[in-house]
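After this come two complexes, each holding subunit A, first together with subunit B and then together with subunit C.
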Partner chain A sequence: MADKPIQGEKRMFMTGNEVCAYAALAANVDVMYGYPITPQNEIMHYWTRLAPKHNRTFLQTEDEISAGFTTCGGVMSGKRCFTATAGPGNTLMQEAMSMAEMMRIPAVFIIQQRGGPSTATVIYSQQEVTMTCFGANGEGLRVVYSTSSHQELFDYTIKSFNVAWKYRFPTFVLGDGYQAKMRESVTIYDPEARGIQMVDTYPLVGLPGMPGVDRDPAHLRNTYNTEEELYEVVKDLVDAYEKMAPEIVEHSTMECDDADVVILCHGIVSRAAIEAVRNLRAAGVKAGFFRPITLRPFAKDALRPIAEKAKKLLIVESSQGQFAKIVTDALYGLTTPMETIFKPGLGITSDEIVNKVKAMI
Partner chain B sequence: MSKLVKIALAGEGGQGVQSVAEIITEAANEEGKEALYIPNFGVEQRGGVSIAFVQISDKEKVGSPKFEKADIVIALSDRAVRRCAQYVDGSTVFVYDTAIEGVEDDLPKGAKKVIGIPAIETAKNELHPRVFNIIIMGAVIRSTHVVSEDQAKKALEDRLGYKFEQDPKLRELNYRALERGMQLVESHL
Partner chain C sequence: MTLVDLDVVEPFYTLRPIKRELEAKGMTVIAWETRDTMGLGEAGTLIRGDMLWSLHREGDIVLDIGYGVEGSKTLNLLHGVGEQKDLRINAVINASRPMTASVDDIIEHVRALGRVDALINNTHLADETDIALIREGARLVSEAAQVLNLPVEATAADEKFRGSLTEDDVLGQPIRFLTRYMPRTFW
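Moving on, here comes the complex of A and B:
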């Protein structure tokens, strides 16, 4: 075994894509599979530079369909694997992602959202929320972390591998083009030095012994013959997902206790929202902030009492209501008035939020 | 609340604004400040205006990566001057190169200050065109104080040290460019 790639802790100044590559290295990833697409390319670039020094590997596939399935295949052979993509690549990868839901394959996907629909821009958006949370034919049995900083990209990339392998659901780190391309400070670390134990990986197929004689068959299926049979299987998947949900759901809040207006947002937009709450509070406006860190599962139980107590809600996102759909679903039955800032494919600044909140009160 | 300086650096592809932004933010990070730099990429990769958005804070982490108005805008081409008007308000110092032609009417009216500096000419006549962006770097650090001159030199050494080893004259050239850049804005501040 080569030396640990990261010894102790180290403050670095780098792009988010580089952070993801370092996080995968720190998390003891064996293989990355990938196909280039902006703005996630540098995850692959940095990984291919770092990996050989530490006996890790990389395979560039012929497209994203293949990158998704090779990642699933690598995981089935017992390796800690991931891939990264964006936009149209995320679209193409949905088939493999839904297979991972059906067969409980603990694959990790890093998504750096770009503009949509279609090719659109290579820059930034939050328009891959619906697709990342609920894409493909299925029930959205995925874990999705929406990060807002380089530190979170590092922390949650490591966490994703552990959550995936502990609970065996496909797990996603949902970043965006800003996080991918910007540089800011981050402290990278060896997980063990912080008491984080990487969950052991193991092969899902090719196990020793005769199936049915020495052991139960592995029985990884994604095809069923009857409606009833499928129904039982999906119900079991949903039960397992719902049992896991309270153990992994995460959110953060700021100044919600006495807030007249609670701002709801996720990912990098929360940086603007935090600034906005600080400025509004300084101006005597009672604003608060709620941010789900896991978009799937969603922190419904934490949000409802806050939303009920607030006088007004403001949903802010860089898409046309994809996040709002998740929120309104969670808040069904409440009557707290709600306003929105929807900016599909466009960055949001704190000033816009401040002005909107002031207009609401 | 800690002090935050917002800088928009804009020029043509190849003028080196992105490397200046990279060096300055790395220097600020080395000084223990919090820096955030995001390049405006996309179509600009194919020869449009290239903008670097830089924010440097004394202590606290920087908020959203893009901002509406900058404390200082540096525009190095005619298109950059026009494109950057949107980042200017009453508290913005707007710096442009006096060699840019035909932008007299496009210079922002409401800026706190508009400063013309002969950076392109200085690079060409006094130093070398390849250190043009280092002159700009000098102008940025003198007008914002986001990093010290020493730290800026150290950052240059970190980045170009291997070239300086091969040709020590390059070190001198870069240091002089940095100092000239600082001098160019000095009298206007």
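Moving on, here comes the complex of A and C:
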């Protein structure tokens, strides 16, 4: 057995993609399946350099359709597996992700968002929110963590494997090209050193004993015969998802208690928003900040009282309202005025947010 | 002084937000501008003629060739790289990077690069850097350099350490104090 890839914990200076590869190693992942696409390539690059040293495996597939399904297959064999992709690759993987929802396959997907539609840019956007949360045919029965820093990329990549295997829903780490490529300091650690136990994995197929005699059949299905049969299955899936939701939903807030304007954003845009709130508060403007960490499930119960109390809301995102759709759905019925900064595929600075908030009050 | 962006690993990305700022300081910057490119980073990496011939320029020429083995191969594309007796290839080592965090890792990394003439210790954690960290980096890089039979050209450190960091802290290595422009590049 090779040494643990990370002994204890240490402070390092890394790219976000590098962080994801190390987090997967630390989480005791067995296999990464993948097909290259910018801006996630270095997750594969680092994994392929590190994996042989630690008895882990990598399979490059012929495309993202295959990468998604081989990840599901690896998981079904009882291995802790993941893949990483972006943009058009995320599009191609949706069928496998949908199958993972239906068959409760605990696969983990790391998405580093790039510009869209289509090939667009390789650099940055928040335009994969709708697709990552609700892509493919189905009901969006996924867990989606939207990270804002390298530390969160490390923490939530590890957490994703445990949430996926504990609750048996496909789980996503939603980063972006900025997080993927930029370098910053991060504490990487052995989960055990922090008291985090990795949830045991187990095979979903090929179980010992005769099905129907020694045990119930595993009976993993994604095909059903009648509308009524499917309806029962989907209702059960939705019930299981809704039962899980309160246990895993996460958000963070800043200065919301007396805020006249609450800024709503997610992912890396939160960093600009936090800076904006600090600057606005220093200038005597009562601004606050709400950020869902899980986009699916969404922290609706936490947001509604804050939104109701605020005088105005400002939604800020690097897409044309994909995040706003989730927010407005959660806030249906409230009448708090809402304004937006939508910059699809473009970064957002704290100054822009500050100026917008000042114009709103 | 001419700065040449030959970074084909992260093509076009890193210099473009500050290209004009550097030029305003009197440097010649040979790098793409966003308006001159198409399919940034995805549609193939284009090396211009003035990049290929950059070693034939007068004065000091600094080539940024990106990171890792693939980055170092870029040098082979330059005209005159074999004959240019003044060319010096420095491997910049940050011991806070996981792949170069130990003496053995630094040795493995540098050996994979091909020709390297000297090492530079640039161990840092961005704004969290302290003198103890720079010292430890100097020790690791120095030990690796001995095994590799290479000189340590210098230790690089943020300008804010001028006055507090001395050559005694870094095993007598010359110190190059750096003004950091990259935090101002948006991404």
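By our rule, the second predicted complex is superposed on the first by the 361 of 361 C-alpha atoms of A that agree within 3 Å, B and C clash if a C-alpha of one lies under 4 Å from a C-alpha of the other, contacts with A are read in each partner's own complex, and residues count from 1 in each chain.
We take it that a contact is a pair of C-beta atoms (placed from the backbone, for glycine too) under 8 Å apart; a residue touches a chain by one contact, two chains touch by 3 or more.
Fair warning: this is a prediction, and the values are worked out from it, not measured in the lab.
Asker: In the superposed arrangement, does A:207 touch subunit B (first), subunit C (second), both or neither?
Answerer: neither
Asker: Can A:272 be said to touch subunit B (first), subunit C (second), both, or neither?
Answerer: first
Asker: Under the stated touch criterion, which partner chain does A:184 make contact with: subunit B (first), subunit C (second), both, or neither?
Answerer: Once the two structures are laid over each other on A, A:184 reaches both partners.
Asker: Per the contact definition in the header, classify A:22: touching subunit B only (first), subunit C only (second), both, or neither.
Answerer: The answer is second: A:22 touches subunit C but not subunit B.
Asker: Could you tell me if A:13 is touching subunit B, subunit C, both of them or neither one (first, second, both, neither)?
Answerer: both
Asker: Touching A:121 in the superposition: subunit B (first), subunit C (second), both, neither?
Answerer: Both partners.
Asker: If we overlay the two complexes on their shared chain A, which of subunit B and subunit C does A:347 touch? Say first, second, both or neither.
Answerer: A:347: touches subunit B and subunit C.
Asker: Scan A:149 for contacts with subunit B and subunit C and give back first, second, both or neither.
Answerer: First partner only.
Asker: Give one of first, second, both or neither to describe whether A:334 is in contact with subunit B, with subunit C, with both, or with none.
Answerer: After superposing on A, A:334 lies clear of both subunit B and subunit C.
Asker: Based on the A-chain superposition described above, do subunit B and subunit C contact any of the same residues on subunit A, and if so which?
Answerer: Shared contact residues on subunit A (touching subunit B in one complex, subunit C in the other): 13, 121-123, 178, 181-185, 347, 349.
Asker: Report the residues of subunit A in contact with subunit B in the complex, numbered from low to high.
Answerer: 13, 39, 121-123, 149, 178, 181-185, 268-269, 271-272, 274-275, 278, 347-352
Asker: Sort out for me which residues of subunit B touch subunit A in the complex.
Answerer: My answer: residues 1, 22, 25-26, 29, 34-39, 41-42, 61-68.
Asker: In their complex, what parts of subunit A are in touch with subunit C?
Answerer: Residue list for subunit A touching subunit C: 10-14, 18, 22, 38, 49, 119, 121-124, 177-178, 181-185, 188, 347, 349.
Asker: Spell out the part of subunit C that touches subunit A in their complex, as residue ranges.
Answerer: 10, 13, 40-42, 94, 96-99, 101, 124-128, 186-187
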